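Same chain, two partners: chain A is paired with chain B first, then with chain C.
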Partner chain A sequence: MLASWKARLFVGLSLSLSVVKASGEQFDEQLTIQSLRDGKVASTFSFKTLLKGVSPRDPRTLGAEDASQHYNVFPLALGQILREYAVTELHLSLNAGRWNYDRWGYPKEPAVGTGAELWAWMGDGGQVSVDHRWMGLRNALAGLFCASLGSLDEQRTTSPDRSFEPEGMLPDWGVPHRIRHATLPSENVCTENLTPFLKLLPCKSLSGIASLLNPHRLFDADWHGMGIHVLWREDEGVEVRLTFQSVSDPVRSSLGRKRDWSFRSLFDRTIDRQCPIAKTSEITVALPSEGSYSINPEPSVVNAGKASFDVATIDKPLDVALQWSGDFQYVSGFDKPITPFSVQRTLRGSSQAHGQLSVIVKNHQNSTQQVVYLETMPWLVQFYLHTLEIRVDGVRRDGIFSDIAYIPAVPHSRPATFQGILTLPPSSALHLTMDVTKSFLRYTEHRPDAQRGWDLPPAVLTVLELDSNTSTARHPVNPRIYTSTLLVDMATPDFSMPYNVIIFTCSLIAFIFGSVFNLLTRKFVVVRID
Partner chain B sequence: MDPLPRIPRDPSSLFFQADNVRRYIIGSYWLIIILALPLWWSTTSIERLSLPTSRVISQAQQRLSIPVTISLQAGVESASLAFQLKESINERIIKAPNRWKGLDIQVNHDRLLNKNTDNGVYTITEGTEEPTLQDRRLKHSLQAPALSKLVDLLSDLIVPFSEQDHRVAQFATHYRLSFTLLNEDAAAGAFVNHWPVSNAISRHVSPILTQLAVLHNFTIESQVQYHAPLAFKPQPIGDVYGITPEDLTVFVNSAEWTLSSSASNDPVLHFVLFVPSAARRPLRIMDNRGSLSASNAFLLPQWGGIIILNSVDQKEITPIELSPANMDSIFSTFADHLLTLLGVPKLPSGLKTLSFGEHNTFTEWQLDAVLRFRALENAKGAQDTLQSIVKLVDQIENMPVGQDVKGDVQEALNAIERMYTSSRTSLIETLRHSARALTLSSRAFFNPGMLALLYFPAEHTYAVYTPLFASAFIPLFVAALKEVKAWKKQRRQHNDTAPDVRRLE
Partner chain C sequence: MSSSRIRSPSKFTLEFGLAFPLFAAARLVLSLTNLPHVLKYDHQLSSPLTSYLNLQEGIYLFKNGVDPYSGGTFRHSPLFLSLFTTILPATGVGSSILWTLGDASGAWALVQIWRARQRISSSQRDSLIAALYLFNPYLFLPNLAHSTSSFDNALMLFSLMFASQGRASASLLVLSFLVQISPSSILILAPVLLLLITSPVSRLASPQPLTSSGVQFRKSGLLLVEFIAYFTVFTLISALVVGNWIWIPQTWGATTNLPDLTPNTGLWWYFFTEMFDHFRPMFLMVFSIHLFMYIAPICIKFQYDPLFAAFLLIGILGTFKSYPSLSEPGLFLSMITIFPELYPYFRHPIITALLHFHASLLMPLFNSLWLNQGTGNANFYYASTLVFACSNGAALIDCIWAGLRIAIGEEETGYTVVQE
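After this line comes the complex of A and B, so read on.
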């Protein structure tokens, strides 16, 4: 009796021990700063929380009571949302400005499309449908991040699985996984989005690298954007990566045409205290390849053109500064593209009913490249697919565009998904044109700023076959290039019109009714005039 | 070109100029308008289904009455003792009717118990030593002088709430229990970064939750925060920092502490372990007179409980893990807070309890008291809500009442009826029906469809209709009026001429 009781106690203890051991949490923070060729400075904050040995919720368990959630570092507010809607992988980005691929190259975080972009991989099965959970997810995230993500509704949701492959792994539950993707290019990122973002960090913005996140300076940058990425890897667990990228322009702010920067000049803050929870807290500065410069303070490690600072050990307050000896001069060819290809997308035509979509893809490589071209177009603009025409260096060519998948738009309900593989001949410019028609909107479908026009989401180009010298080890997924967003001018009514129409119609009806009625009921008599 | 005939045809000889035809035309216009009126009415009116008003009012007059049976087992004297006990309880009821509201106390003395009830019967047996509780049994001295003490004890056990306890959270079938470890400033050193929370919960909280499973479902979650600044500055008193009672009211800094959830609408009970910054330790609570209070925990009514943890070693720089012993003392306080928030009464003092189950933390007497209190509260809440719906719909004429609202109201009434029928037999069933009635009635009350046309005023409708209808109706009216006049005149002429004809004969 006693022995069995002891045995049970032992089993219980070892069980609880194993749970504690397996469910570790780890937080790492990193800041990467790089001077760009045009004198701008790109800074990328990355805060990574790893929940070890945990797998996403199986959607088939959604009806039942969920297991308790106990977190030490992982943000509970986000964990609740992920469990409630059984999301396996989630990517949310809110950006402002256009990422200049030609000058700045690939960004550290690939999601740089203007506006809000949300995509998630979810297991299909169980009582609650994927679309229902997708609706709940975007509403919950809208509440969490104070953003208009609730308007990422069915009219903007597509399932482009070829361009947005999972960055992590999908659990093998025996049920298929589905992707839902939506963009809202007119959404701007601002302080009210950054505040809830900071609250998800274990050290908020009070210590560690996150204390540099000063909204006054970040939102003053030429380009800025934040991202939330949740993914799962079988051998590691659930990873939440919160990122913030900005491109600031020290040349503009220092009138003396200097491109020197320091934490104080970029963020108006210094790191005074380390974040005690962070396992690693590292600042990496990409050192310039030419020119004479000095970096302060002395880096902890210099390796392969990169200077690293370990925030935990270095003297504080920490204010990293990079100074050049001379003034900033634009080097020749500073705007020569560094990405293997560049894209330009425009909408032509001045008519309010018709237009032409034009995409120019320039291949800068000496080899043939294949890219997946994806348009997720709201029903506002509809494609005439038969007018699709592709010219390479001005010569019409067939067989360039293959594997076309097209889901036509349904007016007032569904966007179009148009994707295919473009084969780019070496060192050439490919010109794709297609006629489009602009829909006529219902009176109530216009937004309050109707005269401004409608923002159309960016097209996404994903490189299929990577060249060896452009592949980046950090991203197991192929790099994506977002084109700029478009602004389309729709036929807008005069909004004071309805009452005028009512009055006008009423007068007309009254006039016609009156005359007909009069004719029918008038009594004619012969009056003799002598 | 034909010349015009010199004398045109007499228009009255044309068929459509005949008086009758013209009257038919005007008549048919009016006929169509009158026939179209019901259609117009049905397409423009607001859907207002009739609510079962009379049922709501008649049920509001009924009051739930829960039987409480006390069985006295004292051998031969039982009958007279039971009579005395009943008399003294009745005196108490007359003195404090509000406290005993909704209870139907019966005292009997025979061993044959009513078999068709699973309501527990409280048995009182003779006992010489101090009063002892075991399950639903009470051992108490039954000598005449001890009788008033027994009545005191019984009233404390059966109706522990002398008045409404404002600390008790609103009833819900599902609660979220959120345990949060808040470090005021982890970067200042000596912070707590690990607490063995799941063990502590399973030791101290889970037994309570299992016992309350008939009332509520629970979801448990926990988190640790490392920077949780206060919204005020604690006052330094010597080497101690004090929180004044005014500061306590703003202690929860909801702007900085991320405690709320955006994933669910269930009510949350928060349990916060607050570790003050190393620069501000120890942090103590002050009472109204400005002296330091012995307690370091406090309860925010209907919100949750907060414990301030000062025992962490001040010189420690490395993160601290709380030991199971620390957790035991913290979580026994949290368990106390939880019981208070969920309305589980405390046992009266001077009472010995004997083996009330291996995992149970409170007695059957206490659980029954909660069940009765919640059932009465829910029944009253449901009835009040239903009455408010009926009143509101009656007062605001533009308020639509859809099928879902009507269905919810009817279902709530049915649940109340079932609650009445089950109140004689099963306390748990009574509670279940009362909870359902409350949920349905508040869902009906907060139905968003009832607000649809509340802000679309009638003036707007007239503004759209007048230009159309006024201009069409004026010729119609005038034509009809003219025609009636002409017809009257014609008849008078006809009447006037008729006698002349006779006279001529």
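After this line comes the complex of A and C, so read on.
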């Protein structure tokens, strides 16, 4: 009786699954684990939902009734936001920690800037302006992900189209597309952001790869971050990719300096059952190139130094483990940068009024590289472009920085956008310095922890592939490199005495005013002293 | 060196023709040292509206095709922008010479005003006046910091000089240029117009209403029209240079809206840093109007000596304007030298001098403690600017007192002078 009921349920479930697939929605999940050179382990979760054959909303239809949204797998909460504000492409990332490009190389997911970063491509035109929709978008996302994205206001919003080109495609509606980009480096990712993130997944964290997303372990990692990416491709449809990256340190948590890891040690969980909705559910482990190791259980496929596990077919509970025979030893040159160039950005000077921005870009290759350098600086720190100086290996050079596009900051409203192309000579260190002035804020503009200082967004560097045929048509093909964020010490007024200041200043003015008018209105007379 | 000379004016008998080039040369030597590069960062020597760094940034942006008025850094007049991008040098030795020249011409104009007031072609006092202008630390430190307020001061003095010499068009032309680059200088317009229809000669000791001396007020109306015409032409030139009208809120608007709260020696910056947001527009209006409230009473009371009225209004500007630096109060203090008749009647000169001494020691100290050392707090510097405002106010009250008291003359035994 029970068995037949189960069988009927199974048939019903598989029928409903076939409906989902027929209606053009597809869900794939993937986990990639890689041991890094310094003994750390990078895990990248990727949950991809594809809404086949659907286009983003044309902003000119915003006034009219929208088509009804009926999804089986696609997250409705996100879908509603995308339709409401007619967003073509959206990227939100919430990260904590600094991605160490030199040791870890490029990340699987490029958006690793510290704090919150949101950028979206939206079609211009229609009744509602791009900026208005951008405001609605960030507030809606703030509500959805329980993050302070509402603070990504016009004081943080820029339009750096050269560094943030769309990853998907932009529909050809005959209207231009605009980018809006904002970062909030002081925003941290935490459990309250992961919970709504998991809610967007069809299997939540109950089954499949997502069951490994254990907040206790993920937020204990050296580096962790989540991302929500929405893009559109003409031949596929709208794709939502939810990602979570973490870099854990097994060497730190093991007593014997071992870099062995398993699902149990990394996430304190195992995969007990598959997500029935997932079309593919794959775990990829990058196999070490040296040393003797063993991997358990036996991978489904081993190909090109990568072991793959198909969660659907493999025995469960699944606890993938990689074990080395010896203790972990730092290999010589583990610190040698593996990215083609590395960046170091600092804000120098102890004064609360002035400072100097210093950026050192080291080219590790034997050929000239061109990178797009982007600063999106809030008005708290204003650039003195006339003091911009570039030295290559200590020698001052001109013509290294070209195609400069600069939108100056406006106090109390707009950040500065500073963009240009740096030509890095082969195997050299480029040192860019620029004087900056630190603004003085109204006392209401300071945040509650005013003495801590302000986090400044990371600069973004994007490699331009040098095209041998044409020197003008260039597209960023490599991932972006985010510099570390900066903490700027702003001068603070005294927060306890606005009344006192108003009273002191007004009294003084009244005193001088009174004295002057006393003299001007009264006559001098000679009086006999009796 | 300079202070010892100030204290012993009787020994000071250098010929002006010899002394003046000597002083100017000494100033040039000072400005050719490394001092300008050190001082240009100081907030007390130049405000955001007169800062050399901001001027250079604006010139750089303008030359590189970015509208300098689209941002919040550059707030100098388009006239400065056009002059410095074309004929005037903005960097290096050229700028040192230019700024020294600005102060030297200001000193020369001050001497000319003195001569016009005394109706003499030269005097023993000329060199002293020039020295007290060129070596007033409130004036030469901003000049070494290459603050454009040095040019404001020079233009102010030139306008008064031409007015004292009765050259109406030149005076109004210079004044309209000055108002373009420093809008709050419009305060001087009324006394300049009065000065043009009367004379700069001191009548403080024998006050008489203007109406009794048969002055043609109708002429001042024509002069006002002339001023407006010059001002309009300069405005149009500015618009032509920039190509749009954004520069008006960026330059003139800044003096009333106070977008940049960088500390300076005035009263506005901390008041509006600490101001509640919903009261900000109201107090901005009050502070702006407050400046203009002094024009009519001072001009009416001292109608018989408009040069003195202008001098008092310069003192008002130095105390109450929105983006002052040390050079505005400095101009007022240096101008005291051309009114020696006041000296016996000052009300409390020692207190005023001590207040200035006190403020000028405290301000740089507390500014550095707050912003550079990080051991002080904003209130320290605010308190020292309050002392500075007290000292400026005290000097102003001293001068008004003396200017009125002088009419009574010396006190005789058995009598006393009181205010009615």
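One rule holds in what follows: the second predicted complex is superposed on the first by the 464 of 530 C-alpha atoms of A that agree within 3 Å, B and C clash if a C-alpha of one lies under 4 Å from a C-alpha of the other, contacts with A are read in each partner's own complex, and residues count from 1 in each chain.
As a convention for this text, contacts are C-beta pairs under 8 Å (C-beta built on N, C-alpha and C of every residue); 3 or more make two chains touch, one makes a residue touch a chain.
Model, not experiment: these values are computed from the prediction.
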### Task
Have a look at where A:269 lands relative to chain B and chain C in the superposition and call it first, second, both or neither.
neither
#### Entry: First, second, both or neither for A:502, with chain B first and chain C second
both
### Query
Is A:510 in contact with chain B, with chain C, with both, or with neither (first, second, both, neither)?
first
### Query
First (chain B), second (chain C), both or neither: which does A:351 touch?
second
### Task
Applying the touch criterion given at the start, work out whether A:60 contacts chain B, chain C, both or neither, answering first, second, both or neither.
neither
### Message
Just checking: does A:140 make contact with chain B only, chain C only, both, or neither of them? Give me first, second, both or neither.
### Response
first
### Query
Does the superposition put A:491 against chain B (first), chain C (second), both, or neither?
second
### Task
Classify the contacts of A:279 with the two partner chains as first (chain B alone), second (chain C alone), both, or neither.
neither
### Task
Determine, under the contact definition given at the top, whether A:407 touches first (chain B), second (chain C), both, or neither.
second
### Task
Under the contact definition given at the top, report the residues of chain A touching chain B in one complex and chain C in the other.
502, 505, 509, 513, 517-518, 520-521, 523-526
### Summary
The residues of chain A that touch chain B in their complex are 16, 19-20, 65-66, 68-77, 80-81, 83-85, 140, 143-144, 199-200, 202-204, 206-208, 273-277, 502-503, 505-507, 509-510, 513-514, 517-518, 520-521, 523-526
#### Entry: Contact set on chain B toward chain A in their complex
8, 10-12, 14, 16-17, 22, 25-26, 29, 178, 185-187, 189, 191, 193-194, 196-199, 201, 217, 219-227, 229, 256, 258, 260-264, 319, 464, 467-468, 471-472, 475-476, 479, 483
### Query
Which chain C residues qualify as touching chain A in the complex?
41, 43, 53, 56-57, 59-61, 64, 66, 68, 70-73, 259-263, 267, 269-277, 290, 293-294, 297-298, 301, 319-320, 370-372, 374, 377-379, 382, 386, 389-390, 393, 396-397, 400-401, 404-405, 407-408, 414-420
### Query
So in the complex, which bits of chain A are touching chain C?
350-354, 379, 382, 384-386, 404, 406-412, 416, 435, 437, 439-444, 489, 491-494, 497-498, 501-502, 504-505, 508-509, 511-513, 515-529
